[in-house]
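Next come two complexes, and both contain chain A; in the first it sits with chain B, in the second with chain C.
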Partner chain A sequence: MLNLYLSVAIILFVIGVVGVLARKNIFSVFMSVELMINAAALVFASFARQNLSFDGHAAVMLIIALAAAEASFGLALIVLLYKQKSSLNIESFNELRDGNAN
Partner chain B sequence: MELFLFINFSFFAILGALGLVFFKLPLHSALSFIVSLVAVAGLYLLLFAKTLFLIQIVVYAGAIMVLSVFVVMFFNVKEDRLFAKFGLKSLVWLVPVFVMFGFVLSQIWLLPGDFPIVSQNFGEMRELGVYLFSNLAISFEAISVLLTTALIGVVAVLKGKNHA
Partner chain C sequence: MLINILIISPFVGAILLGFLYLLRHKLKFSQGLFATLGMSAPIVSLICAGVLFFGLKEPLNVTLFNWIGVGEFSINIGFYLDSLSLLMGFFVTFLAALIHFYSIGYMNGEDGFGKFFAYMNLFLGSMLVLVFASNPLVMFVGWEGVGACSYLLIAFYFESKDNVKAGNKAFIVNRVGDFGFVIGLATLYLAVGNLGFDYESLSQNANLIPANLAMIIGICFICGALAKSAQIPLYTWLPDAMAGPTPISALIHAATMVTAGVYMIVRFDFLYANLGSLLEGLALLGAFGALFAGIIATKATDIKKILAYSTMSQLGYMFAGLAFSAQASMYHLFTHGFFKALLFLGAGAVIIALHHEQNIFKMGNLRSQKMLFYPMLFGTLAICGVFPFAGFFSKDALILGAFLSGNYLIFGILLFTAGLTSYYMFRLFFLVFYSKNQAPKVHKVPFSMIFVNVILSVFALLGGFVAVFLDLAHVDLGAEIIGGIVSLGVAFVGIFIAYKKFYNYQNRAESLGKFESVVANKFYIDEIYDFVFVKSLKNLSVIFKEIFDEKILAPLVNLVANLVKIFGVIYTKITQNGLANSYAFYMVLMIAIFVLYVKVEL
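What follows is the complex of A and B.
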């Protein structure tokens, strides 16, 4: 059973990676990051079930609290960037990239 | 019965995640992601993590996604400035990603198979709370500091000198 749960977690993580890499909409990228966090939490919970330990459950609780902080700050950053650029395309936000690099 | 429930929950989790990636409008993506989160909460319940089931429903699918949906509706995005098409150049990076995760997916079948028998009160709120406060109290307080910092940071970022 542990194999099946880990397979589901890996599939969810791969879908999250595809969403981060392939989507141009900043909301989809944000929610794909949350999907990846969620898949990692599922790995922790299934290993806690395998080892009958509460460490995995505590880790999942801390992960969910971290996701709450990340969601609040990420949404604030999205609002701020949208006010400055009036666009949701992720390629209009690459201000930190070196212009001479490529 | 457990395998039947597992197949159902994992099917809906993967289906919601695929909808998150492939829907065009971000509101449809967010609603599909809520389906995926509730299905993952069901998987937590199958893993005897009863407290995590409650926290996943209340905090994740309730608070975080409602906030996200609220911000998505707050923008009122037009279709033409959405840029929902896939970037074909970024799809090149998916090949090593798929190779690596295929390797991981093939290796996890070497793990031990069946779950051990669980005790009756495994994963309940009282046991988890006692464990958290006797072993991981510093992490718990660090999370409260993190949430306070995020709150202050959000207010400072949005009230700063951005006259746009």
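What follows is the complex of A and C.
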């Protein structure tokens, strides 16, 4: 059983990574990050089930709380960024590039 | 305890004088304060040295403290008091005290009065460290100390570029010799140093040194001695060193520092005892140097430079003597110290009296100045070896020693040089005191200078009695008398020629033939050294700078730098785009590689 859970987690995580790396829309990137977090939470939960221990569940609760906080903060950030650039394309957000490093 | 005071007081004096000199404008010190303070150190040292010299019968090894202790390498600061070092120390402090006193008159009214005495005290301290050191490394400290002080004092009138150059020259030429000395010291330490590095243990273990190694060490030490004692080929600094004030010339370049080379060879006699052939080579070099310097002195015109060449010549005698009798060499060292100091100080009095005129052809007819005349007369007679002056006994001991030991070549050179010495010394003497040239108007000479000259005149006359303190080997009295008559005869021949040529001389310069002008130009040795060592190195440096560096190395280095820069620019253009997901990509890539690596390793 465990292997199945872990396989699902890996698939979720890889989808998340590819999403972060490849998607242009900043919302998609954001959701991909959420996917990766959930994959990690899934791994915790499955190991907790396997070992009959509540430690993993505690970690999962923390991760969910973190994800919620991150979602509220990230969405606020995206709104602000959209106000600045009128665009959701991630390639327009490279203001922090080191202009001297050329 | 006395030995500590003896060594430390000049250093304390130097430091105090130095600080007071720095504060002289703020606190308005009088010259008298500097003079008193400057005089106190040599007098304290002289008293200590006197008490030790007359009181101590057995050699004494005083260890003060451990200076360097790293593993097996352990060097103590300590002093070795035996008859040799005590006699030398007493002699040095005695001369130094007299010359300090003389300087009060000579340097009167100069701005650097306090500085001068600080340097002089420092010099005295270094010289005493050199003389009394209990191991070669401490001796080297003193050795370098006197070198540094001589640099400071030669370039004392630093406003003039020539003086500074002369100081640099003395310093650099001495460094050449010091290289040899340092290499010798290191080799000696590696050979037997772990059994104890002071003179006592070294002399016990000297026979453990392999013969070839001992030869190398001996040559290295001689290299140092040649530079310090201004012998061929490292003599060129001594005539130039006359740029310093005259008391310096007397103290450093005649009586004490230059004799350090001879002293050092005698100090290491345990090493040289088995190196007879090396000492004979050195003797030949010394004898040839004596002759060479004598020849140059016959055409020199600067009163102090003539004396400088005569110093070099007399030091050549001492080196020649080392091969057959170190005691005779030391004997000549002491008598020479007295009359050479006298000659320099007498010359200093003449120079002061004539408003700093140093060309002997612009002096003349000074014999009415009794206080200038007699010291110079005594000194000149002493250096010429006229009976009963000090130089007669010591020079005779050396010449006779060369003859009796069978070194006929050295004997011949030394005897001829003795005649040459009386010729050029009386050339100077007659030109200054008898020639018909008109000297400038005569100044009054300060009391302290006259006083010291009188005392030294007595010693030039009686200095031969230093022999009481040295156990000179006595040969047959008849042979000594014959030797004395021969050398006296040679001296008188030289004096007679000088008398014929210069007694009534009246020309402002000497007419020079072809060979004579070569001599007057010091055989162009300075120019040759300049060409061989200075110019060639300079040209080589220019070639390296302009061709090797500018044409080859610099473009190569710049090419590498530019390549790196170009690659860097390209790399940053691609990678540093400010996009979060591309940075995330690098991160994932690196983690993947790391995971792969760990996986493969496991």
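Everything that follows uses one rule, which is that the second predicted complex is superposed on the first by the 99 of 102 C-alpha atoms of A that agree within 3 Å, B and C clash if a C-alpha of one lies under 4 Å from a C-alpha of the other, contacts with A are read in each partner's own complex, and residues count from 1 in each chain.
Keep this in mind: a contact is a pair of C-beta atoms (placed from the backbone, for glycine too) under 8 Å apart; a residue touches a chain by one contact, two chains touch by 3 or more.
Everything numeric in this text was worked out from a predicted model, so none of it was measured.
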| item | value |
| --- | --- |
| Fit or clash - chain C, chain B, common chain A | fit |
| Chain B versus chain C as contact partner of A:Ser87, first or second or both or neither | first |
| Winner by number of chain A residues touched, once chain B and chain C are compared | B |
| Which of chain B and chain C A:Leu6 touches, first, second, both or neither | first |
| Chain B versus chain C as contact partner of A:Leu21, first or second or both or neither | both |
| Contacts of A:Val29 with chain B and chain C, given as first, second, both or neither | second |
| Chain B versus chain C as contact partner of A:Leu62, first or second or both or neither | first |
| Partner chain in contact with A:Ala71 - chain B first, chain C second, else both or neither | first |
| Per-pair minimum CA distance [chain C against chain B, superposed on A] in Å | 5 |
| Residues on chain A lying within both footprints (that of chain B and that of chain C) | 17, 21-23, 90 |
| Chain B to chain A touching residues, read off their complex | 6, 10, 13-14, 17-18, 20-21, 26, 29-30, 33, 36-37, 40, 43-44, 47-49, 51-52, 55-56, 59-60, 63-64, 67-68, 71-72, 74-75, 77, 81-87, 90-91, 93-94, 97-98, 101, 104-105, 108-109, 111-116, 118-119, 122-123, 127-128, 131-132, 135-136, 139-140, 143, 146-147, 149-151, 153-154, 157-158, 162, 164 |
| In the complex, chain C residues that touch chain A | 569, 572-573, 576-581, 584-585, 588 |
| Of chain A, residues touching chain C in the complex | 17, 20-23, 29, 90-91, 93-98, 101-102 |
| Interface residues, chain A side, partner chain B - complex | 1-8, 10-19, 21-25, 27-28, 30-32, 34-35, 38, 42, 45-46, 48-50, 52, 54, 57-58, 60-62, 64-73, 75-80, 82-84, 87-90 |
